[in-house]
Structures are given as structure tokens and as C-alpha cells.
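Structures are listed in the sections that come next.
Here come two complexes built around chain A, the first alongside chain B, the second alongside chain C.
And then the complex of A and B:
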């Protein structure tokens, strides 16, 4: 345990005796240092936060894992997309399980993020010094909804097509630049090949990058703003 | 809020009077970086704007004059256009794209009270339009797009890129 390679990875000297040693275990680990060295006991009671933020994050991790696996059988092209989705349901082993897991986790994440927001609101946890973390939280809710929306088109069935038709026409009501935003979003005047690829790239690359960065900032700020409230 | 000491403002005032070499080089550097970023953003926007679209041509034949009998209509699902041959003897063409949020309206020949000749009903949010495309009931606020049909060798031609505003302009008498 005290060998040189071990010590090169885990800096904290063993055995752990003092409170300083205990705090150093947290400080010296990338995974553990997300947790504070000290927490108030009431702050980790279930009834205090209902763990809604952590549940949202857990669901996000489920979505990342299942999403990456689904990507291996999915091509964002017409008519491949719909056929791939059907193959995932009927041909690929555990495909239907992964697809449903992805879908249900997405629905639940929207719910849990929203409930998290309600919890924070009713606890008054948006008040100074946590105002900016509330703003980040609102952006995270927005990104969650955008991820759901872009993912909606990918099965490329009737529901997907018309939902995105309606959604992209809502964008058209933005004053002055609405029609341009819609054109760039769809890559054309109607939903087609370009739209599918654009939504795929948004869903699998662009939005996950944004949401991952903001989640990191959100967690970091919880600590910097004085811990759970 | 307590105001910060006015060093920044003082420095700025000095800089306009007497710019140091460092400030001058800094200004050039920031301007160049800003121009590069702005140029990059313009390029990205242009890149996102496709120059060639793989969409169906806007001009197409919807029906032949002889096959479209008085009192009947045809629907072309690719372009989402209705063409009618009215019992009063004229032709007209309407877009089936609901002006609210873009769903395809359905033709209900049985009509409703006050509009016995038939109506268009949008399945998404319930907008209703008259046979000529005017709004009966929202949420849609604008009439369905109207097209002026042309006749070419006995075929009725519609160009979805050219709309007309009034019912008179839409009507084609042959």
C-alpha cells in the first residue's frame, strides 16, 4: 500500500488518523473532491434536498451511456434512421431495452430537473450568494429541454417529423430573424437530410458539450457559494 | 454599492491623452483578435446556410384540366397543395400548410354550419379555413397561401414559390 507506484497515484499517506488526513483524502482525489470535506448533517438528509440534483445528474449519466451505445447502430440519414430505430427494437440484442432506457431517462430527467428547480425555489436557495448558480440552473433546464427536442427528431417517424415541423415553425415567430434561424436550424425550408444531420450533431455533440461544462460549473459553484442550502 | 477607487477611470483618461507603447500594441492586438473572431463568426454563419438544397422543385404539374371535373379536387402530398375545380367553372390552388405552425390541413367536404361548401381543418391545433383559404377559426391568423395556376398543354401548373394575396388573383378561368 505504501509502494512508490501506489503513492504516485494516491498522495495521502496511510494510515489515516487525524481529521486533516481525512480531509486530505477528499482534497487529493478528483472524484472525491466534488464532495466537501465537511457537510452539515441536516444538509444530507433525504428530506432536505430529495437528492433531486444528484438524481438529475445520475439520469444524465444514464443518458450518456445509453446514448453512446445507441449511436453505434444509428445513421442520421433518410431512410436509414427510421430503419435503424426499428432494428434497434427488433433485431439488436437488448436494443429495445437501451432505447427505452434512453427514452425514459430523458423523460425523467426533464421531470427531476424541474422538481429540482421547484425545491430550490421553495427553499429560497436562489438568494445571494447563490443567484448566479440559479441562472446556470435555468440554462441547464433549457439545455435539457433542447436535448429532448433535438432527440425527438432522430427516430424519424411521423411523430418526430410533425413535432419538429411545429417546433421549428414556432421559431419562425421570432421577430425579424425568425425565418433565418429556422432556415439555418433545418438546413433548408422543410425537414430533410440536412435537418436530421444537424439535429443529430446538436443532440450528440454540441448540446452535451455545453451541458457537461455547465454541470461542472454548477457543481463547482455549489461549493464556492457555501455548500448545499 | 461602494465605488471602487477611480484608478481605472484615471488610467483611461491618461491613455487618451498620452498612450503608452504597451497600450498601443495592446489596442492593435485586441482589434486584430476581435476582427478574426468576427470574421470567423461570419464564416460559420455562411457555412451553416446551405447554398444547394436537395428539395423538390417548386414548379410542378398538379393535374390535367380534363381530368379535374367540376366540383372535384386533387391533393398533391409532396408539395402539400390542393387544386379545386369549382362548380362555378373556375380553378384555384391552395397550400395545405397551416399558417399557424405548419401542419397539413385536411379537406372536410361536409363543411360546418355557415360553410356548407366544405372547410379545411388543421389536425394539430384546430384551425379552420374556408374553401378559399380564409380563416374561420384560429389559432391561425393568416389565410392559407394562394397560388395562381398556369395552364401548359392542358396541364395545370403550380409554382409554390409564387403566392398571390387575393382570391381574385388565385382564380383561374379557362
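And then the complex of A and C:
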């Protein structure tokens, strides 16, 4: 493990023996170095956070991976979108499993993000200097809901169509600009081809970019605010 | 940091810019936490990393198991001519949809969600949420009067609107909240209740009502949003 090619890829030499080596594992890795080299023992206990933030993040990772795979089989058009769902079920190998993974992970993420918020609240972990990270968290909750909601339309079955109809009808009641917002969102006065494309772009590009950036900011702020409360 | 007097040497030559800058705040601003006593530390690798890896594996296993046994729903192709009865929003919005049947749409669909988001955002910026003292700690008699009047104003309003799904949990929670005021016994439950602050009671109330409304919307609503039992 001390060979030149190994050392050219991984900056830390093996074996890992001392605490200095252990620090370097964290320090030398792009993926890990966002976390501190040492943590308070109390902060990593399960009973302290129930790992709910972590679980939300891993569910998001599952959603990204399965979402990209689903995109390979999906066309945001009528009736193709619906037929794609049928193909996933009957033609694509393990297609239904892929779709199930994405669907259930999405529901679980809504729950885990909400529970994470409750845990943070009851721990009082929004106290200064963590106020702004709480605000970022609220935005993350809203983005999670929006992602779930925009994804709900994509199978374009009866369930999707009417659920999104119910939701988008509420937007109408926003004073003055409600009707305009709804028009922009749906790409018309009723749900149709353009709605599907708009929700598709929001669901697969715009909202994931936003939420990824905000999660990065969220994690960075946890460290800058001095680790867990 | 606005009040801190900071002494920094200015130098525009990059090769002479100091590597370390020491900042001496004139006074510690209250914004920052008072120093905590040192706590036991552990190395992130392996102690934190192993937990993350196991957590990731469990998440994947649990989602995979659910996905193996339960299929995502798929109905017929969307048909704008054929409205199902009832048409339901995704489950996380069913609490709101439930409210829509009790309050005018501007209130239930726009005002309430907006206020909830605003209320969540401003939590960390209010002293009362930072201090979080037990509700009955200071001036219990005054607290009792103000608390009772405000809570019952809400309850009576919801009764007036026939929203028992909000009123009943509210009455129960009101009962729990005032219990330590009347009953001074020192058992663990009462002590726990007594330590809850106003902010916590509001959050408990919000979560309870939201859960009740969501469950009702999901399992107890049928044709034309009429009440049905899940087994019917």
C-alpha cells in the first residue's frame, strides 16, 4: 500500500496507525474534509440527533442516483410519460424496483427532514450563532416539498394529474398575482404538455441544483458555527 | 463584530501579508456563545465515519426492502375530462386540503402556509425562543390569564368554524399545558410538563394539529370530502 501509484492517488499513506494518520484521512480527502478531524463524543451519539440530518442526506443521495437512472427511461411528453411508467413495470429489467426506490425514498425524505427539524427545534439548536443555519434549514424543507410535489406530476396518471390540480388551484388564491403565478407554473391555464415539461425541468434540474447548493451551505455552516450544538 | 476594535496591519504586498492575523475583540459580543467546558473528543476517523457508513447502508437496505414489497401507485393515464371524487393532493399537503374545507381558500391556502413559514423562519431571532423558560416560571397567575384567554380565543374560533379536528387536540393540549399550574405534585410527568416553554407548547400544538389533519385527510375522507372510516 505504499506503492507509488497508490500514493499518487491517495494522499494518506497506509497503514493508519497514529492519530496523526487518522487526522490526515479526514484532512486529505475532498469528500471528508468538510467534517472536522475531531468531534465531540456527545455529538455523534445516536440519541443526540437520531442521525436524522444524515438520514435525510443519504435519502437525497439515493434519490439522485435513482433519479438519474429514471431519466434514462423518461420522456416528458403526453402520453409517453405514462407509457414510460408502464414500460418500467413490464419491459425494463428491475424497472419497477427502480421506480419504487425513487418513490419511497422521496416520501421518507419528506418525513425525515421534518423530523430533523423537530429534533433541532427541541434541542434548541437554532440558538445563536446557528440562527441562519436554521433559516437555511427551513428553505431546505420547502425545497424538499417542492421537489416531491413537482415529481408527483411526472408519471402523468390520474393520481398525478388531480393531485397537482388540487395544489395548483390553491395558487390561484394568492392575492393579485395568483392567477399569473399559476399560468407561469403550468405553462397555460390547465395542466398539459407544457406543465409536464416545466415540472420536469424544475424537478430534474432547477430544484436539485438549489437544494444541492443549500445542503453544501448547510453543512459548511454547521462547521463554521462550531459543530453541533 | 461591529463594536469590536480590530487592529490589523495593512499591507498590499502579497509576499508580506501575514500568515496569521490575531483579532482582539474589545468585548465579547453576546452573539457568541460563552465558552463551554472542554468536552470529550474522539477522532472523526473512524468514530464518525463508521457511523455514517452504517447509516448509509441501513438507509439503502430499508428503502430497498420497502421497494421490493410495495409498488409505487400507478392509475390510468391522466384524463382531464374525468375528475376523481375525491381528488386528493399528495399526503403532505392533505392537512392543508383539510383546512381548505373549513376556511376560505385565501386563509387556508395562502395565509396559513405563509404564516407557518414566517413563524418557522423567525424562531431563532426572538429572545423568548432562546431563553425558553418553563411557562409557569415567572408570574404564573398573570401567565395563566393571558395564556387561557389567547388559547380559548383560538379554540372558540375553530369551534365556530366547526373544525373539531383542530379544536379537540387544542383543548387536550391546553389541559396538559395548564396542569402544572393547578397540580403542584412533584412527579416526573408533571415536572416535565412544567419545564416546557411557551415556544415548545406552540410547536407541540402545531405538530399535533398538522398530524391530526394529515391523518384525517389521508384516511378519513371519501366522496366529496365526507367522513369515512378507513375500513369502509
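In this text, the second predicted complex is superposed on the first by the 204 of 229 C-alpha atoms of A that agree within 3 Å, B and C clash if a C-alpha of one lies under 4 Å from a C-alpha of the other, contacts with A are read in each partner's own complex, and residues count from 1 in each chain.
Please note the rule applied: a contact is a pair of C-beta atoms (placed from the backbone, for glycine too) under 8 Å apart; a residue touches a chain by one contact, two chains touch by 3 or more.
What you are looking at is a predicted structure, and each value in this text was computed from that prediction instead of being measured.
Asker: For A:184 in the superposed arrangement: first (chain B), second (chain C), both or neither?
Answerer: After superposition on chain A, A:184 lies in contact with chain B alone.
Asker: May I ask you to decide whether A:25 touches chain B, chain C, both, or neither, giving the answer as first, second, both or neither?
Answerer: A:25 contacts chain C only, not chain B.
Asker: Answer with first, second, both or neither: which of chain B and chain C does A:162 touch in the superposed model?
Answerer: After superposition on chain A, A:162 lies in contact with both partners, chain B and chain C.
Asker: With the two structures laid over each other on chain A, which partner does A:170 touch: chain B (first), chain C (second), both, or neither?
Answerer: In the superposition, A:170 contacts both chain B and chain C.
Asker: Pick one for A:100: touches chain B only (first), chain C only (second), both, or neither.
Answerer: second
Asker: For chain A, which side has the bigger count of touched residues, chain B or chain C?
Answerer: Counting contacted residues of chain A, the larger count belongs to C.
Asker: Going by the contact rule set out at the top, does A:193 touch chain B (first), chain C (second), both, or neither?
Answerer: A:193: touches chain B, not chain C.
Asker: Would you tell me the residues on chain A in contact with chain B in one complex that are also in contact with chain C in the other?
Answerer: 162, 165-166, 170, 190
Asker: In the complex, go through chain A and note every residue touching chain B.
Answerer: Against chain B, chain A makes touches at 162, 165-166, 168-170, 183-184, 187-190, 192-194.
Asker: Please name which positions on chain C make contact with chain A in the complex.
Answerer: Touch list, chain C to chain A: 31-33, 39-49, 51-52, 55-56, 59-60, 63-64, 66-68, 70-80, 82-84, 87-93, 96-97, 100, 105-106, 109-110, 117, 120-121, 123-125, 129-130, 132, 200, 203, 207.
Asker: Looking at the complex, which residues from chain B come into contact with chain A?
Answerer: Residues 45, 48-50, 53-55, 100-103, 124.
Asker: Name, in rising order, each residue of chain A that touches chain C in their complex.
Answerer: Answer in residue numbers: 16, 19, 22-23, 25-26, 32, 35-42, 44, 46, 51, 54-55, 58-59, 61-62, 78-79, 82, 85-86, 89, 96-97, 99-105, 107-108, 110, 117-118, 121-122, 124, 126-131, 134-135, 138, 141-142, 145, 148-149, 152, 155-163, 165-167, 170, 172-175, 178, 190-191, 226.
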